[in-house]
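In the two assemblies presented below, subunit A is common to both, partnered first by subunit B and then by subunit C.
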Partner chain A sequence: MIVLAAELKRLFAYRVQFWFELVVSSLVSLGVALIVWRAVFEAAGDRVIQGYTFEQMIIYVVIATFIGQAVRGSGTGTFARDIYDGAYTRYLIYPLSVYSYKFATFFARTAIAIGQLLLVFFVMYLFNLFPNDSSVTPFTVLLGLIVVVLASWVYFLMLVTVESVAFWADQAWSMSVMMNVCIVFFGGKLIPVDMFPDWLQTALNFSPFPLLIFAPIKIMQGDISSFLFVVSTLFGWSLLTLLVARFAVRRGTLRYSGVGI
Partner chain B sequence: MMGSTILRYLRMYFALVRFSVSRALEFRFDFFFRFFMDLVYYGVTIGFFKVLYLHTPSLGGWREDQVLLFLAIALIIDSLYMTMFARNIWQIPAMINKGELDYHIVRPTFSMFFPLFKSFELASLINVVVGMVFFTYAINNYQGDLSLASMVLCVLLGLIGLVIFVCLGMFAVIPIFWTHSNFGFHMLFEALSNISERPEVIFRGLSHVILVTVLPFLVVTSFPARAIFGEIDLLNIAHAVAVLILMLLLLAVIWNRGIRAYSSASS
Partner chain C sequence: MSYIEFTDLTKIFHVHQKEAGLKSSVKALFSRNLREVRALDGVSARIEPGELVGLVGANGAGKTTISKILAGVIHPTAGEVSVLGFQPWKRENEYKLQISLIMGQKNQLWWDLPAADCFLLLKEIYQIPSKEYQSRLDELAEILDVTSLLRTQVRRLSLGERMKMELIAALLHRPRVVYLDEPTIGLDISAQRAVREFLKRYQRDYQPMMLLTSHYMQDIQSLCERVIVIRQGKFVYDGPLQKLLDNYAHTRRIRASLSTPCVESDLSRLPFVMSRSQDGYELSMQVDKSALSESVATLLSKFDVSDLNVEGEDVSTIIERVMHGN
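Up next, the complex of A and B:
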């Protein structure tokens, strides 16, 4: 908690960076996504596309913008950077778990994105902007947030696994960026997963991607029947990714050499 | 005189390219994955529109074959940007904050030359070829009329678009001279640059006006595509050229002011 508080303090300390990176960038992505979907609905001429009305799609896009950020926390590169510049040594010397420390710093961005989402919901509620057929309630939002926290943990472990390649290779960032791009698309941040072709949806059921972004959005939108399934599957993925991450980090640590802390 | 200066800069640029290529081949793992990273990104960009067209016959009046051609142009411009400029622009903030700009501004060259051209990404150059292949595929699937003149105009507007995109990228990092903060503006640029991968025809009203003038991301990729579709007139071409000239002038002015504001205790 101390590390998390310190990281939050650090993020808020650089105010220009905070506003541009976390607020303006989110609004730009949101605006572009809304313009794209307006064009799709206008051209299709249908009121409902794959079960989504335009108003429901707006809610989906709003939630996806912030959940996409929340799940991906502080983003890529921090673990690999520690390995390259020797800062990883501190986790070997100090009585400090690399997982808990890095996750605490990672989670600071998650917390901010969750805060932004709640603020947006509050404003929408205040100005009565939720469509009439919306099933978003404080209860569904709470359940969705539980899934988001779990999803961010799974994402973090996937990131550690991929970035532990830095123990062996001179550059690892391209791999984590690749993973990020896949999660954004196959996770449903750009397009709801149930709009993908059937064969792709079937294939994605064997991956954690839809659970990271699409599943929490659907739960927030009122599909709470899938909550237990999503949580238990995410637990399964977190165990699997934890095992793989621990194996990779342990093997990598044997190869690691660093000067200073 | 002018000719010899250009030759000197070209010789220096090719020396930098040779150095970058030999370095890229040294780090083969990174080279390989960087190529795949761009490939995955392009795949996702194309996949995004492929899925959209499963649910709609057109976007802002553009058919799927038109959007595929537009995307091919966008990918070629992006891969050229990634090959020649992206890494250099990303490194400018660190260069300024660490005082490493000293090494470049004391050299007898234009002060922006080395910061902007020193790295050349061989892996991304391969993606230019991939983009060309995709362009050929998109041209074959294109259902409209094609002419040599429209293709030449597309190439010219594409080059103008690339330079405008570089200017926009530079505008995102130059404030570091004054703010000393690393990534805020750059992240905003990343978010805004996605706009250039969306067709101009879906933007309307104020957003369209802003995105072809103040933040001309739509000029970068949509104008070359419109040239092929025969949807461009002399006024549009003049507009693109005017934006280019203004961007270059603005870049020169802001960069020089930045250099004057720059201080370091390094080198």
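Up next, the complex of A and C:
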């Protein structure tokens, strides 16, 4: 908790950056998605595309924007940068777990994004902006948030695994960006996963991607029947990714030379 | 039991080497030349509780590599190491709670936070009880005269102020072993002096074992009774600093003040004269250690000397001679 608090203090230290990311970045992301979907629905001329009305797509996009930010936490590059510039030494000297420390700093942004999502829901509820057929309730939001926290842990471990390549290759930036792109696209942040072709959906069932963003969105939108399945599958993925991450970091630390000190 | 004991310690790095030019850069995309760098070559030493040992050597000699291995940052290639009974690279928490690494060239504090917040974080990491934490922080901040700066963001502090905060951060948990890697590098003269005085006082009061690497001879002279000189990964001297100076100093400098000025032609009687002041009242000579008595006798017999000073050779010169094997 103290590490989480310290990271929040660090984020709050730069007010312009903080407000810009909180407000402008979110609005731009939302705005672009809404414009694109508006154009798609107008071009299609249908009220329903693949089971989604335009109003349902708006709700999806709003939730996807903030869940995407929440799951991706502090984003890519910090672990690889620590290895590259020697800051990783800190985790070898201090009596703390690199995983718990880095996840606490990662989760600070997750916490802020969750706060944003709750605020948006509150405003929408207050002004009755939910469509008539919406099934979003405080209970579904709570269940969805449980999945988001678990999803952010899995994403974090995947990121650590990929960025531990920096122990060998010095620079791992492009790999973590690629992983981020995969998660954003195949995770359902841009397009709902159930709009993909059947063969792609089947293939993605063998990956954690749909569980990271798409699954919590559907749960928040009222599809709570899949909650137990999603949670148990994410637990399984978290165990697997933890084993892989620990192996990669342990092997990588043997090669670490503390460059920069 | 020795606090630190290592035997036949060896560390080999494999470093990628590339020729200059675009062609070589393209070639390196497909295959790389690796060069073996023997940073440490079978070195051994024991360091006892309460000792403050200086480790000196040229750039690339292996000083920082030793600190990194003993702190558990990297693994040795061969050899045995025991620090407080632990193998450092196993990084057991019990070991980490008792050591500290202070790096003059690398900040460990959180750049965007005030020092006070950094220390709170370290209090939790090292599980320091609140009362002890506050009293230690107050004491260290007062000695280093940084109490008024605790709420300032670390990145906004000057280099000297930042180094003082790094010292506080490293000593809050009262480590038994402290590795200091160039703690005064880049600091101005008064900041260097302040850090040295602080380390001297801390070592006297709390008796941790300290291993200090530094390029500044004032650090070594001021703080260390024992010094290890490392050259190309091997220890070439390990013992008292004074003995090193006595054994390796070849010359003495004689400064003489004269009652009657001497002229240029007088100097032919003294072939070892280095300089003469313009008015002829001051002479400076550098003579071989073995010829000191004879030189002084010649000076006194041939000139009207009102004052005489004999100085040892500059410490830096002596240690440099040992470092380079001259």
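Note that in this section the second predicted complex is superposed on the first by the 258 of 261 C-alpha atoms of A that agree within 3 Å, B and C clash if a C-alpha of one lies under 4 Å from a C-alpha of the other, contacts with A are read in each partner's own complex, and residues count from 1 in each chain.
Convention: a contact is a pair of C-beta atoms (placed from the backbone, for glycine too) under 8 Å apart; a residue touches a chain by one contact, two chains touch by 3 or more.
For clarity, every value in this text was computed on a predicted model and none was experimentally measured.
Per the overlay, which chain contacts more subunit A residues, subunit B or subunit C?
B
In the superposed arrangement, which partner chain does A:Phe229 touch: subunit B (first), subunit C (second), both, or neither?
After superposition on chain A, A:Phe229 lies in contact with neither partner.
Quick one: classify A:Phe196 as touching subunit B (first), subunit C (second), both or neither.
In the superposition, A:Phe196 touches subunit B alone.
Have a look at where A:Ala44 lands relative to subunit B and subunit C in the superposition and call it first, second, both or neither.
first
Where does A:Val28 make contact in the superposed view: on subunit B (first), on subunit C (second), on both, or on neither?
The first partner, subunit B, only.
Looking at A:Phe139, would you say it contacts subunit B, subunit C, both, or neither? Reply first, second, both or neither.
neither
Based on the superposed arrangement, let me know which partner A:Val36 touches: subunit B (first), subunit C (second), both, or neither?
In the superposed model, A:Val36 contacts subunit B only, not subunit C.
In the superposed view, which residues of subunit A touch subunit B and also subunit C?
Touching subunit B and subunit C on subunit A: residues 14.
Considering only the defined contacts, which subunit A positions touch subunit B in the complex?
So the residues of subunit A touching subunit B come out as 14, 16-21, 24-26, 28-29, 31-32, 35-36, 38-40, 43-44, 49-50, 169-171, 174-175, 177-178, 181-182, 184-185, 190-191, 195-197.
Given the complex with subunit C, which residues does subunit A contribute to the contact?
By the definition above, subunit A touches subunit C via 2-3, 6, 9-10, 13-14, 86-87, 89-90, 92-96, 254, 256-258, 260-261.
Within the complex, which stretch of subunit C touches subunit A?
For subunit C paired with subunit A, touching residues are 13, 64, 68, 71-75, 91, 93, 96-97, 99-101, 103, 105-106, 108, 110, 112-113, 117, 120-122, 124-126, 153, 181.
Under the stated contact criterion, what part of subunit B meets subunit A in this complex?
27, 29-30, 33-34, 36-37, 40-41, 44, 47-48, 51-52, 54-61, 179, 181-185, 187-188, 190-192, 194-195, 198, 201-203, 207
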